[in-house]
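Shared between the two complexes below is chain A, which pairs with chain B and chain C, respectively.
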Partner chain A sequence: MAYEVILLTTMAIMVLFALSLNVITGFCGQVSLGHAAFYGIGAYVGAMLTKAGWPLLIALLPAAGIAGLIGFFVGLMSLRVRHDFLAITTMGIAFLFVGFVRKQEWLGGEIGISGIPAFGFGRIGLLVVALACAGLFAAVTVYLKRSWMGFGFDSIADDEDTARILGIDVPRFKLWAFVIGTAGAGVAGALYAHHVRYIGPDSFGFVESVTVLAMVIIGGIGSVWAVALAAAVLSVLPLWFQFIDDYKLLIYGLLVFAVMRFSPNGIAGALQSFRRRLR
Partner chain B sequence: MLLSVSDVTVQFGGVTAVADLSLQVDRGELIGIIGPNGAGKTTLMRVISGLVRPTSGSILLNGQDVTGWTIDRRVRSGLALAQQIVKPLATFTLAENVALACGSRRMGSPWQAMTTVDRNAELQRGRELLELVGIAAAADDYPSAVPLGYLKCLELARALALEPELILLDEPLAGLNQAEAAQMADRIASLVTESRSIILIEHNLREVIRICPKLFVQDQGRYLDFGATEEVMANPKVRAAYLGEGAI
Partner chain C sequence: MLALDLLLQGIVQGAIYALIALGLTLIYGLLRILHVAHAALFTLGGYIGVIVTNETGSLPLALIVAMVSVGLLGIVIYRLAYKPLLDQSPLVALIASIGLFIAFEEVFRLVFGSYGLSFENPPLRTQVNLGGGLLISHSKLLVIGMAIVILSILAWLSTRTRTGIAWKATVTDSQIASSFGINIERVRYLNFFIGSALAAAAGVMVALLTNLVEPTMGAVASYKALAIIVLGGLGSVRGTLVASIAIGIVESFGTVYVGHILDRDALAFAFLVIALMIRPQGLFKAG
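Now for the complex of A and B:
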C-alpha cells in the first residue's frame, strides 16, 4: 500500500509539473528549457519554510508566489527573444539556478537540504494534497483554454505578429502564461520536496527540464488531458520497471523522436486523427 | 482630423526609405497611396500602423500622439491593418480568425480575457462579416483549404471586425484576377462611412483611380503630390515617375 501511495504521489506531482509547463509551451507556444528551475525554487522555498515551522499547506502559497514572481521577471527578460533564442535563454535560467544554489550555504550548497519535515497528515495526506493540487491546476488550465485568454494564447502560439495586428497585447499575455506556469511549477516543487524529504541542486537540473518538456511533447502540446496522461505514465514507468530507470533519458528521447516522426501532435493528435478516420 | 502624419522619416541603416513625409486624413475619406516600386509606400503604412518606428516625425491618431505606441495598442484605439502578404492564423477556422478580431477589445486586459468564456456572439459576428465580404460558405474551413482570393477577403473581414475608424489596406488587390480585383475594389469603396476612413496602397492603378477620390503619390521615399485624383494624375511629375521622363 505504501509503495502505491508513493507511486501515486510521484505521479500527481509530475502531472502538476507537466501541466504547468503546458501553459507556457503548450498554450502560449513559448518553448522553455529551464522549467525545472521554477520547480526547484518552489522546492527550496517550501522546504525552508516548513523547516522554519510553517505548515506545508501554508508554505505552498509563497512557493507558488516566489516561483511566479521570478517567472514574471524571467518572462520579462524573454519577451525580446523567440523560438530557438527563447529556448536557449530559458536553458540559461536552469543553469543559473543550479549554479546559484550550489554556492549558497544557507540553501545547503552542494549538499542540499535534508530532514525536510514530513507532512502532518502522513503519506496519504500528502497524496491527497498532491492529487487536489494537480486536479485543481488541471481544472484551471481547462478553464483557461476555454476562456478568451486561451483564445489569445492560441493566437500567439500560432503567429504572434498576426495576434498583435488583431489587437492582442502579446507581451502581457506571455507574461501571464509565464506567471501561471511557473507558479504551478513552484507548487509542484514544494510538494516534491516534502515527498522525497531531501533536495539538492542536481534534483532540478537541465535533465529535469528536458524530461518534463518530453512529457508535454509526448502527450501533445496544448492538450490538458493528454499531457496529464503522458506525465502520469512516464513518471512512474521508471519506478514500475527498475531497468527503465537506467535508460530513462534514452527511452524518453526515443519516444520524443517517435512522436515527432509519426505524430507531431503527440498522443492527443494521434487519437484525434484515429477518431477522424473512424468517422 | 483622424490621422496626422507629420514630417516622418524612416532610415534603415544608411538607406532612407521615407523622407520627411506628411499626410492628413479626415473622417470618411478614401485615400489611395501610389508610387512606383521602392517608393516607400509599405514603409509609410508600417509606420502608421506601428510595425516600424520612424527615425523622426510624429503620428497623431484622433489627436493623440501614437508615435511610440505598439501596433496592438493602436489597433485597440481604432486602427486596423490588412497586410500585403496575407497572414491568417493557420490553426483557426476563418470564422474563428474573425471572431478573435471581434473580441480583441476585451483582450486589452488579460484579466478581462481570463474571466470571459463565451465566444458565441463573436463567432456569430464573424460569420456575418464573412458574409459581408462574400466568403460565408468557407466560414468553417481552415486557411490552408481556401484560395488566395478568400484569404484577401478574410483580411478585410478581420480588419472590419476590429470596428476601426481607420483601415490601412496594403495591396489588397495583388494576386487577384481582373474581375476579382474589380469586385474587391467596389467592396473596399463601400466600406467607407462618415466615421470610417480607408488608406489604400495599391499597384492596380486602374482600380485605385476608379474608387479613390484622392491620391497621395510617393517616389523614392519622397512626397510627389497629393490631391484630387484627376488633378494628381494630370501632374507631369507623377506621370514621369510612373512612365519615365521620356513618356511625357
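Now for the complex of A and C:
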C-alpha cells in the first residue's frame, strides 16, 4: 500500500511539473530547457519555510510566488531572445541556479537540505494534496486554453510576428505564460521536497529539465491530457523497469528516441492518426 | 604570472571547446537541429583513442582510427535518426537526439564499465618551459596545435575546393544549390562525417589531458557546446571560435576570482546570458 502511495504521489507531482511546462512550451511555443530551475526554486523555498516551522500548505504559496517572480524575469528575457537562442538562455538560467545553490552555505551547499519535515497529514495526505494541485492546475490550463489568453498563446506559438501585426499584445501574453508556468513548477517543487524529504543541487540539473521537456513533447505539444498521461507513465517507467535494472536507462533513452522517430507528434498525434484511420 | 597561466589554461580549454563545438556548428548550420548526441560521439572518440593507443602504442594511429570510425558513425546517425525527421519541428529532432545521447551513455557504461579507462603509458606528459617560468605540458601544446591545424584544413577545404564550395552553397540555400546540380545528400553526409570526426579528435585530446575517459565525460560537452554555438551566433564558424576561446578564458579566470559565488558551469552560463541580452543574435551573424 505504502509503495503504491509513493508511486502515485511521484506521478501526481510530475504531472503537475509537466503541465506547468506545457503552458510555456506547449501553449505559448517558448521552448525552455531549464524548467527544473523553477522546480528547484519551489523546492528550496518550501523546504526552508517548513524547516522554519511553516505548515506545508501555506509554504506552497511563497514557493509558487518566488518561482513565478523569477519566471517573470526569465519571461522578460524571452522578449529579447527567440527560438533556439531562448532555449539555450533558459538552459543557462538552470545552470546559474544550480551553480549558485552549490556555493551557498545557508542553502546547504553541495550537501543539500536533509531532514525536511514530513507533511502533517502523512503520506496519504501528501498524495491528496499533490493530486488536488495537479487536478486544479490541469483544470486551470484547460480553461486557459479555451479562453482569450489561450487564443493569444496559440497565435504566438504559431507565428509571433503575425500575431504582433494583428495587434496581439505579445509581451504581455509571453510574460503571463512564463509566470503561470513557473509558479506551477514552484508548487510541484515544494511538494517534491516534502515527498523525498531531501533536496540538493543535483536534484534539479539539466537531466531533470530535459526529462520534463521530453514528457511534454512525447505527450504531444499543447494537449493537456496527453501531456498528463505521458508524464504519469514516464515518471514511473524507470521504476517498472527495475527488473532489468542495468538496462533501464538504456531502454528509457531508446524509447524516447523511438517515440520521436516513429511518432513525431507524440501520443496525441499517434492517437489522432489512429482515429482517422478507423473512419 | 598567475594571469598568464590562467590565460594559457583558458586557451587550452577554449581549443577543446572549439573542436567540439565546431562540428555542432557545421551540423546546425546545415540542418538547423541541435545535435545533443554529438557529445556521445565525443566520448566514443575518447574511448577509441585510449583503447587503440593501449593496444598498439601509437597515438597518431589511435587518433586516425577514432576520427574515421566516429565520422562513419556520425553518417549512420544522420541517415537513421535525423534524415526522417528533417521536415518535423526542430524540437522533435532535439528530443530524439537527447534520447539517443542517454542511450549511448548507457551503452558506453555497459560495454566499457562505469569506472573509466586510462592510458597505460600516458603520452606527452613532459613539461616545456615557455620562458619566464611559464610551464606547459606537451599534451596541451598538442591540443592547441591540433586545433590550429584542423581549423586551417577546414578553412582551406571550404574556400579552395569544389566540395567546400558546394558545402557553403548548400548551407546558404540548399534548394538553389541543388538546382545547380549539387548533390545535397552527399554534402550532408560529408558534413556529418567531418563534424563527428572533429568531436572524436576532441575526445582523444581530452583523454590526453585528463588521462581518463568515462561514460559521463560527454555531459559537459553536450550542454556547453550548445551554449558556445549559440553565443557564436548559431551556424557561424568564426563566431564559434571566438565564443569557445572566450568561454574558456572566462572560466579559467572566473573560477579563481569569483569561484566562491558561482561554480565553473554557472560562470560560463552567466557570461552567455549577459552576452545574449546585449546581442540577442549572438556575437556574429550566422553565415
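By definition in this document, the second predicted complex is superposed on the first by the 265 of 279 C-alpha atoms of A that agree within 3 Å, B and C clash if a C-alpha of one lies under 4 Å from a C-alpha of the other, contacts with A are read in each partner's own complex, and residues count from 1 in each chain.
We take it that contacts are C-beta pairs under 8 Å (C-beta built on N, C-alpha and C of every residue); 3 or more make two chains touch, one makes a residue touch a chain.
The structure presented is a predicted model; accordingly, all values stated were derived computationally and were not measured.
By the document's definition of touching, neither partner reaches A:232: not chain B, not chain C. Of the two partner chains, chain C is the only one that A:98 touches; chain B does not reach it. By the touch criterion defined above, A:24 reaches neither chain B nor chain C.
When the two complexes are overlaid on their common chain A, residue A:81 makes contact with chain C while staying clear of chain B. When the two structures are aligned on the shared chain, A:210 is found in touch with chain C, with no touch to chain B. Applying the stated contact rule after C-alpha superposition, one finds that A:218 touches chain C and leaves chain B untouched. In the overlay built on the shared chain, the residue A:253 is in contact with chain C alone; chain B does not reach it. In the superposition on chain A, contact is made by A:173 with chain B only, not with chain C. More residues of chain A are touched by C (comparison of chain B with chain C).
In the three-chain superposition model, chain A touches chain B and chain C at no common residue.
Listed in rising order, the residues of chain B touching chain A in the complex are 49, 70-73, 75-76, 81, 83, 87-92, 100-101, 103-108, 110, 112-117, 119, 158, 162. Touching chain B in their complex are the following residues of chain A: 143-144, 146-149, 151-152, 154-155, 157-159, 161-170, 172-173, 176. Chain A makes touch with chain C in their complex at residues 31, 77, 80-82, 84-85, 87-89, 91-93, 95-96, 98-100, 102-103, 206, 210, 213-214, 217-218, 221, 246-247, 249-250, 252-261, 264. Touching chain A in their complex are the following residues of chain C: 34, 81, 84-85, 88-96, 98-107, 110, 219, 222-223, 226-227, 230, 234, 260-270, 272-273, 276-277, 280-282.
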